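A, B, C and D are the chain letters, set down in written order, and residue numbers restart from 1 in every chain.
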């Protein structure tokens, strides 16, 4: 993966990459791999080779194929990006890992936690990079939120409230939770400070249109710090909302992904208790509450496309031999919550505990 | 309550009214009773008579008093409006009912369902009007929503999602649910079509600032039709949100109370299933889903103040001897949900069934 | 106007005040004088005494009258607030000034510059306070904007762009410019830094509905600094817009009066020229332009009602014997621009110079 | 341009096209010609061939060249799209026309009205299609506005108010008016009903940053119907605004290009005069004015990219041998207004008449 140039310096040659799956997400990967100097796109592979050809268009030098084995056999292919349906992630990604390729998998990492765990174990054993395409984590907004939280600018995280609703494509095989909540859960996983993690989840849902799947769902997560996180996903909303509020002891921020002029707003507003922690319950009842109603700051954010940053991170992780920001284990943690939430849905909202120590 | 004018026609003399409680809400009642031709405000009563005087201001002919007995003894007082803390509603309102006065009670009707039931029973026995001040039900927006739902313009109600969050006054004795959710629950009670009612509730909450009360809460209600309703109330949000979405099989509407230019928006957008109900599970998997993405209509709404309409309804109910739109039983139904939600909160989100047949 | 209390300390007794005019604006003055500790409202005077009674309502101890002479003869009346039609301002206000009363006049100060000048001269001669009710100057937002501009936080003012449009009450005797632009022009007068003033105006208008008056108008003002100010007023807009942008060499701010959550937004964004001023024209063509795209700050603002602050300022000016913030001369400067704009309108947009040295 | 397929039916072969200019706009044309089935992109031509290569990227089969003569000599090139700086439009486009190619020119059509007229005359003489890329006219929103206006849904057009402001790229050779107003003027030209056209313009501007060009400008247009149109363009605004209001005697619409959820809003609100037209001036003073405050409708709009529709229209005009919707004459009319506005700017806002009968 490195060349030696005229001056004898080593410089990175682009990584050969193949995209598998020419459906909804594949074309975005194709476009971003093509515009990245770190990659050379060699193949677009789909069972339906015509679909792959159509995605590439009439002016491309990239090869379309339906023959995945040929892709894996190509020594110029260093990495494979999997954008096939979730049910096939294990097979497709595992084959790539076993062929010694670095692998990027579209969210969710796999159809089940068990499948995902197999992938993670195999990739670790083989020493190849396994990355989960948690795209939103690579938006400038989420990056800044992570920085603000980790730097303590918000104080302790008190609550996280996320809404992701729109008139969605009702899916046949997965419900709204598995379709949309991976975004919110991966963001939550990404921004929470060290040591704070979800420990239990309860989910409520409904299928009012008779789709055979929940089309509206509410997830409530208990965090290890005692804080609460809540996710509202909905395929039936006539308007699109993409808002996350992160409430902290010092400041609270609101991320509105659909407001390009003001994606992140940081509020110096909140409720403070003047009561020292030592006071007893009765004294605390008569506590002094004070309110901050300070300024709001909307930080300037760069306009870089998230997928481009994600693709760069994939290259960086491969080249530097390190775990990517959203590695297989991040994908596993999201799967754990999704599975627990599904169980909760089955049991009418019962609280379900999460695995820990991923 | 009626006079005979010069032409021998009977015409309504204004109803004598007293307001009890000069705290947060009382001044609004004072202002609205004064501007209504249906009422003659006679007293403002508060244990702290100075506070009552201050509310009336230096130019008023209305009497301030701390002597509630004198108010009840005044034969010119036909009606009493109770705006004291919830814990005192039973005593104050019951005394008025027993004195033969018509009674308006600020939400919630009483501190407990049992207290509320006593009030309702006593008022029915005495034949006096008992009305609960569910103010939002009297906004032009909610009135229109009720009309639209009842006229079938939305089709079957599929889901209701309500958000009521802001930097709120953290209370010592009641949590955010008892403070804010009565608004959403009374609106829900008001707009749901005949035969559809909540049957169970689950509540999740958190007290991240250590206030001794939940400051963030999420309520999920199961409706008798299989639909879902959800309420998010929060005292810690730096921005104010007051939005309710009512999703229906034909149309979906969004009420944004903070957008005066477009309070109600009716969307002809949604997801339709082309599959006949007769098909089996397997056929439904391959169902034809279609999407409507039609126009949005924001109906013109009058600008009448809700409290003024509420006060007019109180007068109408008294004069016509009929139940007000938001009668004591409506107040009871809200109390039932609040109590069940509190139990659910205690039991970490367990689903709690509701009484029926109020 | 001062009393001596039990401890021998002098303390201000409230100023006796009368409001003249019970039409559109009068009730607001009545309400605010009543709630101010600095004033004692004695009279509401209107040619139509029934209208005055209606405004006071059925519970007031304030006297309604149609007899303006009696009001002026009342020695308890220290000040008179004039809220009659603009055409009568001169007569009503002059009579009050000549009776030795302090006078507050609703905008515009008078129907003509000449009338206004008479008023100002007479008030100065008599030594009474003459204040113009430029209400918007007393909003917390405009107060903050003035502070920011005067403190140099924006740098040099480059442009001011003001939009004040809505479905307005088409007037019979004044056009949209005289109805709405006084707000924008008085704000401009209030916020501009020392030494910067309008020197010429051009106005374009249209009367597309045949109302006999311009219903849409655009004013362009040339400022003495070379900057530009522009005002768009419109009675025919289906939506309400109230926005003013103040562009500066260092920062630019936007005031949106209809966005209570974010009335003032201060942007650290703009275009900078790196070229030193010494360079010749040709070099400047190849100048280095750089762009700042920094954070936005929305300062926290108090929620005080503007009219209340205005009434307090009136009291302060009277008590301290000083010119109020928006004195008669401020009213004159606005009249000067309005008259010049009317001439420009007549002459199809010709630029008309303004008087200077008011 | 037509083939005969296996069934003997003629079907259109794609038109060979070359894009000239690989700067700001060229890449958008490249992308859209490539994705259109009506075109086959053969060349991207730029004096800087490296820039052209970069735009095409490393996966393209399209040829990059700096040799414009070779492009024009290629018989497979049916059409040329010109995206070079405005000052070169005449030379580049004229050469293409003379080589018998159909020509698409980026706005403005040419640097001067005279240049544009030469182009139009030459194209008409040669019988080739000359189209001006007035992109906004091909947005679904503007298309719908044109339909609504032409169908009489707004009644008579009373006023048009357009705001196009943002932190813009300050140009060395053209001012903000020539940079941004072509959009608004071409839209105006596109949507105005038959028989209504601009007859005069006045322009006011400022260069507060010393850029050597107006950075803020206001254009007021008098329409032949007596209506008014106004355009505000500004390079110094920290926020982006793209709003056009079209006021009519029956309805008024607002187009907000930055609000994807509600781009066009049609308001049944306005001011009506009940006065018959026969009444004299004095009677009209006492006219009955009434206000409509009806519903607002936000029509559903397709999400088609404007440039794609523009490219399709170019193909349609060529194939059908008809004038495109935005032909050279539309480009000329816009140039006429821009030149007159520049003269007005020079003369401090003097009203300048327009040519008629283009």
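Miscellaneous remarks
Basically, a residue touches a chain if its C-beta (ideal position, glycine included) is under 8 Å from a C-beta of that chain, and two chains touch if they have at least 3 such contacts.
Here the structure is a predicted model, which is why all the values come from computation and not from measurement.
If you take chain C and chain D together, the chains in touch with both are A, B.
Listed here as common contacts of chain A and chain D: B, C.
If you average the Cα atoms of chain B and of chain C, the two centres end up 41 Å apart. Per-chain CA centroids place chain A at a distance of 53 Å from chain C.
The multi-chain contact residues of chain C, meaning those touching 2 or more other chains, are 239, 269, 293, 296. The touching residues of chain A, when paired with chain B in their complex, are 156, 158-159, 161, 167, 170, 172, 202, 204-206, 208-212, 215-216, 218, 220, 226-228, 230, 232, 234-239, 245, 247, 249, 252, 254, 265, 267, 269-273, 275, 277, 281, 284-287, 289, 291, 293, 296, 348-351.
Those residues of chain B that touch chain C in the shared complex are 34-35, 40-41, 57-62, 239-240, 261.
Contacts from chain A toward chain C in the complex involve residues 262, 268-269, 293-300.
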